[in-house]
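Order of writing sets the chain letters: A, B and C. Residues in each chain are counted from 1.
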Amino acid sequence: MTNTSWTRQHVLSLADFTVAEYDTVLQTAASFKEVLSRRTKKVPTLQGQVVTNLFFEPSTRTRSSFEIAAKRLSADTLNFTASSSSLTKGETILDTAKTYLALGTDLMVIRHREAGVPQAIATEMDRLGVKVGVLNAGDGQHEHPSQALLDLFTICTLLDRDRPRLELLSGKKIAIVGDILHSRVARSNIWSLTASGAEVHLAASPTLLPHLFADYIKNEIHKNPILNRQLFLHWQIEPALEKADFVMTLRLQKERMTQHLLPSLREYHQLFGIKRDRLQLCQPHVKILHPGPVNRGVEISSDLMDDPNFSLIQEQVTSGVAVRMALLYLMGSGKA
Amino acid sequence: MTNTSWTRQHVLSLADFTVAEYDTVLQTAASFKEVLSRRTKKVPTLQGQVVTNLFFEPSTRTRSSFEIAAKRLSADTLNFTASSSSLTKGETILDTAKTYLALGTDLMVIRHREAGVPQAIATEMDRLGVKVGVLNAGDGQHEHPSQALLDLFTICTLLDRDRPRLELLSGKKIAIVGDILHSRVARSNIWSLTASGAEVHLAASPTLLPHLFADYIKNEIHKNPILNRQLFLHWQIEPALEKADFVMTLRLQKERMTQHLLPSLREYHQLFGIKRDRLQLCQPHVKILHPGPVNRGVEISSDLMDDPNFSLIQEQVTSGVAVRMALLYLMGSGKA
Amino acid sequence: MTNTSWTRQHVLSLADFTVAEYDTVLQTAASFKEVLSRRTKKVPTLQGQVVTNLFFEPSTRTRSSFEIAAKRLSADTLNFTASSSSLTKGETILDTAKTYLALGTDLMVIRHREAGVPQAIATEMDRLGVKVGVLNAGDGQHEHPSQALLDLFTICTLLDRDRPRLELLSGKKIAIVGDILHSRVARSNIWSLTASGAEVHLAASPTLLPHLFADYIKNEIHKNPILNRQLFLHWQIEPALEKADFVMTLRLQKERMTQHLLPSLREYHQLFGIKRDRLQLCQPHVKILHPGPVNRGVEISSDLMDDPNFSLIQEQVTSGVAVRMALLYLMGSGKA
C-alpha cells in the first residue's frame, strides 16, 4: 500500500482535490476492500492512535461507518455526540475540539449542522501547529467528501474491480436527482464527478434547484481549471435520465414540505422519483445510488431499491468502510 | 471446546431447541465461565469479527452483557440504540439491519418492542444468502432466549458445577411467579424447563395469567412431542411454591397498575411477592431467580434479595456473560 | 514503574491522602506521560480487565478522559450513562453497581450528583468482599479527587518535568477563585494543596464563600495534623492574587444567578474574573488553571485563556489522561 503522493493533512472539501489524490484514495480503498474480504478483517496500521468522532449533529449510520473503519485499522475510538455534550454547558465548538486534541486525539471526524465548522477546527489545529488530521463528515449544506468518495469508489470498482481510477468515468453520463439545493452530498459529488470527465446532469424542481443557485454552481465549476465543464441542469427528470450510466438520487428531508418547497411526497415521487418505467430512458446497464437512509417510495420505488440488478445502495455502505479506512490511513500514517 | 453438534445459524426462540443444543450451550458456557475466572479474561476466538447490538428498545443491562461477552471473545462491537437512530429519519427496520450488514456485521443482537422483529431480520438475511447470525435479545412479549439459557445455566451449574446439563433438572419442581402474560422471559423459560423434564408451575393473578392464555400455553406444550407435559397453572402462589426447588420471580412493569391489571404494588407484594415466611412452603434448599432489574419490596422482599443463601440474582448476571459468550461463539465460529 | 507504597483500593477523597500516596501518583503519572509521547501510546497493563464508567450525571469530558486512559492501558471499557439507564426502571444505585460487578467489572469510575454515592458503593463492595476498585469521578459538591490530582500533576510537572513531587509546592502561593461553596474541585484541591505546604488562598463573594462555610473549612483543616495550616479566605480577589504563583479559577454554573447568589455574569467577571490587568498583582511567571469547560469571558477573559504564556488549561486535559492512567494502574494492578 503506497501513499507517496499524499500530503493532505485534512479532508474538508473535494473542491481542490487533484486527480492523483482521487486515484490514491481509490487504490488505497481497493487494498482495504481486499482486507475486508478476509476472515480477520483487521490491520495494525493505526494501533495506539485515537480517532474521535465529534458528531455535533447525530448520525448513527455515518458514525458507525467511521467507527468500524477506525477499529479495522486497530485505532482506539472516542465518540462525542451533541446530546451528551458539554455544549449545553456553554463551551465553544473550538474549545470542545481542543479538549479532544489535548485528550490525545490523532484524527478528528467532524459533523455539524453549520457549514464551515470542520474547516474552522482544522484552521485552529494548524494555528496550534499540531499534527491532527480533520475529516469533514458532513457540514450543513456544504460538503460531505467521504460520501462522494465512496460513491466514486462504488462506481469505479464496478467498472474495474482491481484498478478503480478516476479516468474510468470519462465520457459516462451521471444524473444527480433530487434536493440539490440543500444537499452536501450533491455538492461534493459535483466536484469529484466533474473532475473525472463524466457528463454530470442535475435534475430537480425549480424550488430545489433555483436559477440563482444554478448560476452559482456553473460559475464555480467554470472558475476551476482542473474541472470539466460538462455540467448540465434540468428542471425535469427525463433529460437527466436519458442514456444515463448512473443515477444518484438524493435523500429528501420531509421538512421541505412544510417549507413549501414541494407539495407532497407523493407528488415528489411522481415527478422526481426513480421508478422502473423511468429507467427505460437510461442505458440498459444503469445503476442507482442513494446515500441513505432511503424513504422507500419517495426518492426511489421500493422494488427498485431491492433489485440487485439496479441498486448499488448496499454496495455503497460497504464501500464506505473501505474508503473511510483509506482516508484515515492516508491522513494518519504521515504522522509518525 | 467442541461444537460439532451446533448447526443453528440464528437463535430466535427456544420453542424448537433440542436437548443436544441445550447441552452444547451449557457445556460451552461452562468452558467460558472457567475463562472468566482467570486474570486475563479474553480469548481470541472472534478477533476481527463485528458484533452489532441493534437495540430498538433501550436496555443498558442486557446490552452491556452482550457487549462485554463480545469483547471477551475479542470481537469489535457496534452499538445502535433507537434514540440515536435513523429510524426517526423514516428508514425501515429491515433497511437499518441491512445497513449494519453492509457495514460488515458478523453477528446481530436484536431487541425490539414488537414480537417477531428478530425473526423478520433473520429471514431477510437468509433470503440474501448471507452468513450473518441473528440473536433475539428480547422481542415484545414473545421470547428472550439468552435470558432463559442463563437461568438454565445458573440452575444446572448449581447442581453440577463441572458438567451442567439439561437432565439435572429432571423431577425438580420450578415455580415461575408474576406477570406471566406479558413476560418474554417466562415464555422462553417455559420451553427450556418443560424440555428438561422438570415440573413447571406458573402462578399469577387471573389478570396476569388469563384462562384463554393458559389454554393457549397448555395447547402449545401438548402439541410439541419433545416437551414434557408437566406444566401446571395456579391463580395463587402457594401451590406453586409448595416443595419447589427453584422459584423464578418475574419483573413487574409498573404500568400494569394503570392498565387495571393489578390494584397496587403493595397488594401485589402481599399476594405474589417472595417473602421469607412464604419460603417455608418450598424445599429447604430453595433458590430464587429474577431477571432484573428488581423492584425491591415488590416482586421480592429486600432482605431475601440480598441473602446469598437464597438469591441467585447476582449469579444470574455473571452466568449471562458466559452464556452469551457461548452463543456468540457457537453462532460465529461456523463462519470461517 | 514501582507501586510498592500503594495499598489503597478505592480513591474516594483526598482528605486522608498521605504525602507518599501523592508522590506515587505523581511519579506513576510521569511514567505514563512518557508513554503518551510515543507513537504507540498503549501499554498492556490492564489487558483483559474491565473498567466501567458509571456516570449517573452526564459528563462527556471526564468520561472520555477515563475511557481513553483505560484504553491506553489495554482495558476493555463499559459506559453506563443515566439517560440510557435502568434507573428509570426503579432499580437502586447499589443494585446497578452490583449488576456491573457481576458482569465482570474490575474498576468502577463513578459520577453522581449526590455526595457520598461513590463511598456508598465502595462500602458495599467491601462488605461483599470483592476486589473491585471504586474511583470517585465527582460526587455532588463533595470531591473530585482525580481532577485535583491532575491539577497537582500539571503544576508539579511544570516545576520539575522529570520528578514531579509534592514538596515542590512548598512555599508557593496558590489562589482558588470562584464558586468555592458549590465546587467539588475546590474541595479536593484544598486537601492536596494544603498537604503540599503551599499557601492556599480562597477568594469568592460572601454568597459563594459564606462565613459558616469558611469556618467549617478552617476547622476541618485544623483538625488534620498532616495538613498545613496555611489556608486563607478572602471576599475580594485582589489579596488572593497578590504575588500568587498559580491561580485556579472555578467553573461558574449559570444557575447560580437564578438562585440570587450573584447578580450577573458580567458583574461576576468584573469582580472575580481573571483578566490581564489583574495579573499584574501576581508573580510574573503566574499560571492559570481551570477544570473546564470554560465560560469564556466569565471566569477568565478569552484572550488570557488562549495565551500559552499564562494558561495551563490544555495541559490540564492532557495531564488528566496520564493521572487517570496512573490511578487505574495503581488500583488495578494490585488485584492479580
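Going forward, a residue touches a chain if its C-beta (ideal position, glycine included) is under 8 Å from a C-beta of that chain, and two chains touch if they have at least 3 such contacts.
None of the values given here were measured: they were computed from a predicted structure.
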Inset, instruction - Leaving chain B out, group the remaining chains by who still touches whom. - result: one piece
Inset, instruction - Check the residue numbers that chain B and chain C use where they touch, and answer same if over half are used by both copies, otherwise different. - result: different
Inset, instruction - Note the rotational component of the Cα superposition from chain A to chain B, reported as an angle of 0 to 180 degrees in steps of 5. - result: 120
Inset, instruction - Could you tell me the distance, in whole angstrom, between the mean C-alpha positions of chain B and chain C? - result: 42
Legend entry - Multi-chain contact residues (two or more partners), chain A: none
Legend entry - Parts of chain C lying in touch with chain B, wherever the complex brings them together: 47-50, 76, 78, 80, 84-86, 89-92, 95-96, 98-104, 335-336
Legend entry - Residues of chain B defined as touching chain C within the complex: 36, 38-42, 58-61, 64-65, 67-68, 71-72, 81, 83, 254, 292-296, 314-318, 320-321
